[in-house]
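What follows is a set of notes on a single structure, which appears directly below.
To keep things simple, chains are lettered A, B, C and D as they appear, and every chain counts its residues starting from 1.
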Amino acid sequence: MHEERIALAAWMLGIALATIIFVMRSRRGKPPVIRRIAALEAVDDAVGRATEMGRPVLFVPGIMDMDDIQTVAGVTMLGRVARTAAEYDAVVQVPTSRSLVMEAARDAVQAACLTAGRPEAYQADRIHYVSDEQFAYVAHVTGAMIRERPAACFLMGSFYGESLILAETGNSVGAIQIAGTGESSQLPFFVAACDYTLIGEEFFVASAGGPAGLGAVAGCREDLRDDVHRGGHGAGHGGRALARAGVALRVA
Amino acid sequence: MIARRVVPMAIAIVAGLVMAVSYFVRSIEWMGEAAADVFNVIAAIAFVLGAGSLLKANLSAISRRDRGWGYAAVTLAAFLITLVVGMAKIGVNPSPDAPQAAWSGSQQTAGTPFGWIYEFILSPLTATMFALLAFYVASAAFRAFRAKNTAAVLLLVTAFVVLLGRTYAGVVLTDWMPAWASGLRLENLSSYVMAVFGTAGNRAIMIGIALGVAATGLRILLGLDRSWLGGGGSA
Amino acid sequence: MTRQRLTWLVLVVLFAGLLAWRGFTGHGLGRVYVERGEVSLARERAPADAPAASVPRWRSVPVEQAEVRWTTWSKVPPKAHFEAEARDPGQDRVVLSWPRTIGLWVAAFLTLAIFSFLYADNPAYRFTEAVVVGVSAAYWMVVGFWDVVVPKLLATLMPETVQAMVQPTLKIPQFSPWWPETWDTASDAFDPWLQQWGAMALALLLGLMLMWRLLPRGGWIAGWPLAFIVGVTAGRRMVTQVESDLMEQAASTMQSVVPTAQGLSAWDWAWAALPGVLVLVGVVCCLCYFLFSVQHRGVVGGAARVGVWYLMITFGAAFGFTVMGRIALLADRVEFLFDDWLWIIDPNHLRG
Amino acid sequence: MSVLDRLDRLDRRWIFLAMFVAVAAPILYIGVTGRTLPEKVTSTSRAVYEAIEATPEGSRVLFAFDFDPASAGELQPMATDLMRHCAARKLRIVCIALWPLGNNLAEETIANVIGADFPHMRDGVDFVNLGFQSGQQQVMTVLTTNFRKGFPVDERGRDTADLPILQGVKTVADFPLLVDVGAGYPGAKEWVQYVVTGLKGSMRMVAGTTGVSTPQLFPYYPDQLAGILAGIKGAAEYEMLVNEGLGGAPAAKYMEAQRRMGPQLSGHLLLVGLIVLGNVIHFRRSRGGQA
C-alpha cells in the first residue's frame, strides 16, 4: 500500500461516490440541468450546412493514440457527429494519425449509422489511416482540405503544434469550424481561428452527452442513456464541490 | 450479443479497475508498467492495420485511375522503399560491441539508407511543415485579434504586451521607467501576467480537465459510457 | 497566361538566378563533405575459466589484426576539406559525399515545395505530400518493429533468436514457460520474468485479435483489445490526473496565498500576498465558468464572467509566448536554406 | 473601395510574404555581420543557471532529450548550452530520450559539445547516452522504481549494469538533478507529474521548453520545477549567463540562441503591427457603419 497516496484514494472514492449519487438521482427522474454550450448546438447547423452545400464534413480526432483519454472523448464525439450526418445524409471523412484510432473510429461510426437507422451510410474507407508522423498527417489533411473544401471541420481530441495549421487552412476554405481539446497550449489558436471551441472540461462534458440539444437530434428521444450520461457528468459537478470543500478546509 | 457487447464491457471495466487500484497497492504496482508495455506492443502490431488501410486507399486510387492517381503511386513507392530499407536494415553496419550479430546496429545510424531518408526527407519535411505556423500565426493575429468585446480586448492587449515584452523592443520602449515602477516595464509585465493570470487560467483548465478525465474514466469503469463500443449500436 | 502562372514563373526564374549567382561565386554552394574512418575489431581472448558459451567481447585493434572491419564516413564541415586539399591536393580522406550532397538538394527542394503551398496548392506540394505520407508511415512501422516489437515482445517470447541476431547482450532467463520444472519460484528473478512473460503473451494475444479485422468474418473480436485499451487508459489516467492536476494544483493555489517571508510590514505583506490572492480568485472564477449544472446568473454569472476574462488573458499570453517558438522554427528553416544549401551566410564558420 | 476596405480584404499571402521577409532579413544581416542583441535575464532563466551551479561537482545529472528535429530550431541551442554548462561544471551526464528521434539529437549534441570541447570525458564513465525507450510516461514510472529496467542497455548495446557511471543507481531518485529539454508530450510536464512530484524534493528539475508549452509549466515553478528556459528567449538569456560564467570568447556554436533573437525582434514587431492595423481597420469600419 502506498501510504502517501491515501489522500488520493479518498478523493477518488469521493468523486466516484458523487458520480453514483448523480446517476441514481437522474435514474429517479431528477437529471441535473446543464447549461447551454454554444459549440454543441452548432454541431447540427454545421452538418446541415454541409448537406445543403453538397460538401463533406471533416472530422479530425487529434493526433494521439487511444491511450489518451482525449482521443477517447474525440471518438465519442465522432459518434455523435456521424449520427447526425447519417440522418442528414452528409459524408464524414475521418483521416486518423493512429491505426488503433482508425479501428475505434470505424466502430464508432458504424454504431452511429446503425443507431440512425441507416447502416448503409457506413463506409469504412472514409475512415483511413494516414501516418503516425504528426506533420506528415497534417500535410495530408491540409492538402485534402484545400482540394475537397469541406463545409464543416471538427477538430476534437488531443492537438499539439498542428492545431493552427489545421484551423487556419479550414478557415481559408470557408468551413465552419468547431474545435474541442484539453490541450491548454492549443486553446488560444482554436479560440482565435475557429467558430466555436469547447474549452478543456467543456470538451469532456460535451462528449459525455451534454445538453438535451443533441438528444433531440437523436430523434427527440429522452432515453435512459442520455440521462445516465448526464448523471456521469455529475461526477464533474460533485468533484468540483469536493474541490471547493477541500479549498475551504485548507483556508481554514 | 454477449461476445460483442458484454465481454468488451467487462474487459474494459476489469482492466480499468485493476489499473486504478494498482496505483495504490505496491504488490501489484508492476501491472501499471506491464500495461504500458502491452499497449505499446499492440499499437506496434496495429501498424499492420494502418498500413493495410494506406495500401488499400492508394492501390484503389491507382486502379481506378482517379484524378491524381500518380501521387498515390508516389506514396506507395515511398512507403514500400522505406519499409524494405528499414525492416531489413539495409546498409547498416553491426554495432561495434557485437559485430557477430548481423542486425545489432541501429537502423537510424547516419549514413545508412534509412538514416538518409530520415535526414534528408523526413526531418526537413516535418520541420518545414512546423515552420508554416509562423505564417499562420501572423494571418490569425491580423484577422482574429480585433477588439470586438471586453474578452477580445483582454486577449489582444495581453498578446500585445507579451509580444513586445519577449524581445529587445520591450526593453528599449520602457527602459526609461524609474526603479519604483520597474514592475511596469514590458519585460517584467509580461512575466508577471504569465505568472499570475496565466497560472490562474492554466490551473483552472488543468483542474477542470482532471475532473473531466476522472468523470469520463468513471463513466467507462461504471459501465455508463458504451458509445466507444462499436458494432452493435448504442445501448 | 494567368496571374498565378506569371507569379510561379517569376518565382522560379528568381530562384534559378540566385542558384546561378551562388554557383559561380566564392566557394559555390550546396555540397557535403565526409571524412573516412575505419572500424577494425577483434575478439578479446576469453579468460580460461569463462563458461564456453559466454558472449564474446570485442575491442578495437589495428587494421592488420582485425577479424571484422568496415569503413565509416562521418560528416565534416567544408572547411576541413578545403584545408586537407590545401595540405595535400587530391587526398582521399576528406572527400565530397555524393549521397549526402544529393540528399541536401532533395531536402532543399522539399523545403521549398512545402513553402510553395502558402501561395497555392501545386504539383510540387502534392508530390511532397505524397512522399512524406508514404515515407513517414513506413518509418514509424520500422521504428515500431525494431524499437518495440523486437526488444519487448520477441526478446521476451523468443530470447534465443533475438540474442543471436539482434541483441547479443540480451540475458536469457533461466526459466522457460514450457518447462515448469525450470520454474524456481524462490528466485528473485522469477516474479519479474513471469510478469514480463505474461504481459507480452497477453499483448501478442490481443494483437492477434486485432488482426482479425483483416479476415472476412468475425471482425467484432477486434473490439476486445480495444476495450482493454480504453479500460486501461481510463483507469490509469483518471488516478494520475487527479493526483497531479487536481490535488497538486489545488494545494499550490492555497499555499501561495500566504507569503512565507518573515518580518514584513503590513503593506509589504499585503503586496507579497497579492499575486497569490489574484491566482486564487482567478482559479475560483474560472472554475465557475466551467460549472455546467448551474445557470450563469447572479454571483456565479459574475464570477464566470471574471473567469472568462482570466481565460482570455491566459490565452493572449500563451499566444504571445508561442509566437516566439514559431518564428524560431521558421528561422531554422531559413538558415538551412541560406547556410547549409546556398552558402550565403556562415554564422558557425564552417567554410572558413 | 477605400484603402481600409482593401486592407481588410488583404490577401493573406501578402502577410505570409511580410513574415518571410521579417525573418529572412535579420538572418542575412546577422549572418553577414555577426552582431547580436543584448538580453535582460529573467528570473526563471537565472534559476536554471543557479540550479546547475548549485549541483556539486561529480554529481550525476539525468539529461532527457524529449524533442525531435521539428522543434530543434527552438530547443537545440538550449540543449547545446545546457550540456556545455553541465560538462564545464564537471557533472556526469546520463542522456536518455523518450522521443524516438530525440536519440539522434542526443548523439549530435554529445558529438558537438563533449566530443569537440571536452575530449577528456570518457564514454560510460563521465557521460553516456542510454538511447531511446518507448512507453512515454510509463518509462518514467518504471525509472522511479527500477532504473535498470527502464534502460537495460545503452545506445551502443552495453548492459547498463556494467557502466561505471551508473554504479549505485537504483532508481531515478539517485540523480540529484534532472535536465529536460522537451517539446511536448511526453516532456517536462510528465516528468513533473510522474517523477518529481512523487520524489517530494529529493531531486531538482530544470526544463528547457518550447514557447508554446511554457505557459503550462509556470504553475509548477518554483516548487516542482527549479527553473524554466522559456523558448528561444530563455535560451538566449541562459546562454549569456553561461558564456559570462565560463569567460573567454564563446565559439560560434555557443551563440546560436542569441543569434536567433534577431528574427524574433522583427517577427514580433510585424505581429504587433498587424494587430494594430487590424484594429484600426475594425474601429474605422465600425464607426463608419454607425454613421
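Keep in mind that, in the parts below, a residue touches a chain if its C-beta (ideal position, glycine included) is under 8 Å from a C-beta of that chain, and two chains touch if they have at least 3 such contacts.
Since the model is a prediction, treat every value here as computed from it, not as a measurement.
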* **Chain whose mean Cα position lies farthest from chain A** => D
* **Geometric centre: closest chain by C-alpha means** => B
* **Most contacted chain pair (by C-beta pair count)** => B-C
* Structure fact -> Expressed in whole Å, how far the mean CA point of chain A lies from that of chain C is 27
* Structure fact -> chain B and chain D have mean C-alpha positions lying a whole-number Å distance apart equal to 18
* Any idea how many Å lie between the Cα centroids of chain A and chain D? -> 32
* To do: List, in ascending order, every residue of chain D touching at least 2 other chains.
  => 12, 16, 19-20, 23, 70-73, 134, 149, 157-158, 212, 215-216, 219, 231, 233, 264, 267-268, 271
* Return the residues of chain A touching two or more other chains; collapse runs of consecutive numbers into ranges. => 5, 8, 12, 15, 67, 69, 72, 100, 103-104, 107, 129-136, 139, 161, 184-185, 187, 189, 191-192, 199-201, 205, 233, 236, 239-240, 243
* To do: Would you pick out the residues of chain B that each touch at least 2 other chains?
  => 20, 23, 29, 32, 35, 37, 39-40, 42-43, 46-51, 54, 96-98, 104, 110, 118, 122-123, 125-127, 129-135, 137, 139, 141, 143, 145, 155-156, 159-160, 163, 166, 194-195, 198-199, 201-203, 205-209, 211, 213-214, 216-218, 220, 228-231
* Among line, ring, star, complete and other, which one matches the pattern of chain touches? -> complete
* Residues of chain A defined as touching chain B within the complex -> 1-2, 5, 8-9, 12, 15-16, 19-20, 23, 65, 67, 69, 72-73, 75-76, 79, 98-100, 102-104, 106-108, 110-111, 114-115, 125, 128-136, 138-139, 161, 164-165, 167-168, 171, 182, 184, 187, 189, 191-193, 199-201, 203-205, 207-208, 225, 228-229, 231-233, 235-236, 239-240, 243
* **Interface residues, chain C side, partner chain D - complex** => 118-119, 143, 147-148, 152, 167-169, 171, 192, 240, 243-245, 248-249, 252, 314, 317-318, 321-335, 338-339, 344-349
* Asked: How about chain B: which of its residues touch chain A in the complex?
  -> 20, 23-26, 29, 39, 42-43, 46-51, 53-54, 56-57, 60, 122, 125-126, 129-130, 132-133, 136-137, 139-141, 143-145, 155, 201-202, 205-209, 211-220, 222, 224-225, 227-235
* Asked: Contact residues on chain A for chain C in the complex?
  -> 5, 7-8, 11-12, 15, 32-35, 37, 66-69, 72, 100, 103-104, 107, 129-133, 135-137, 139-140, 142-143, 146-147, 184-185, 187-189, 191-192, 199-202, 205, 233-234, 236-237, 239-240, 243, 246-247, 250-251
* Structure fact -> As the complex stands, chain C meets chain A at residues 114, 117, 121, 125-126, 128-129, 132-133, 135-137, 139-140, 210, 213, 222-223, 226, 229-230, 232-234, 237-239, 242-243, 246-247, 250-251, 253-254, 284, 287, 290-296, 311, 314-316, 318-319, 322
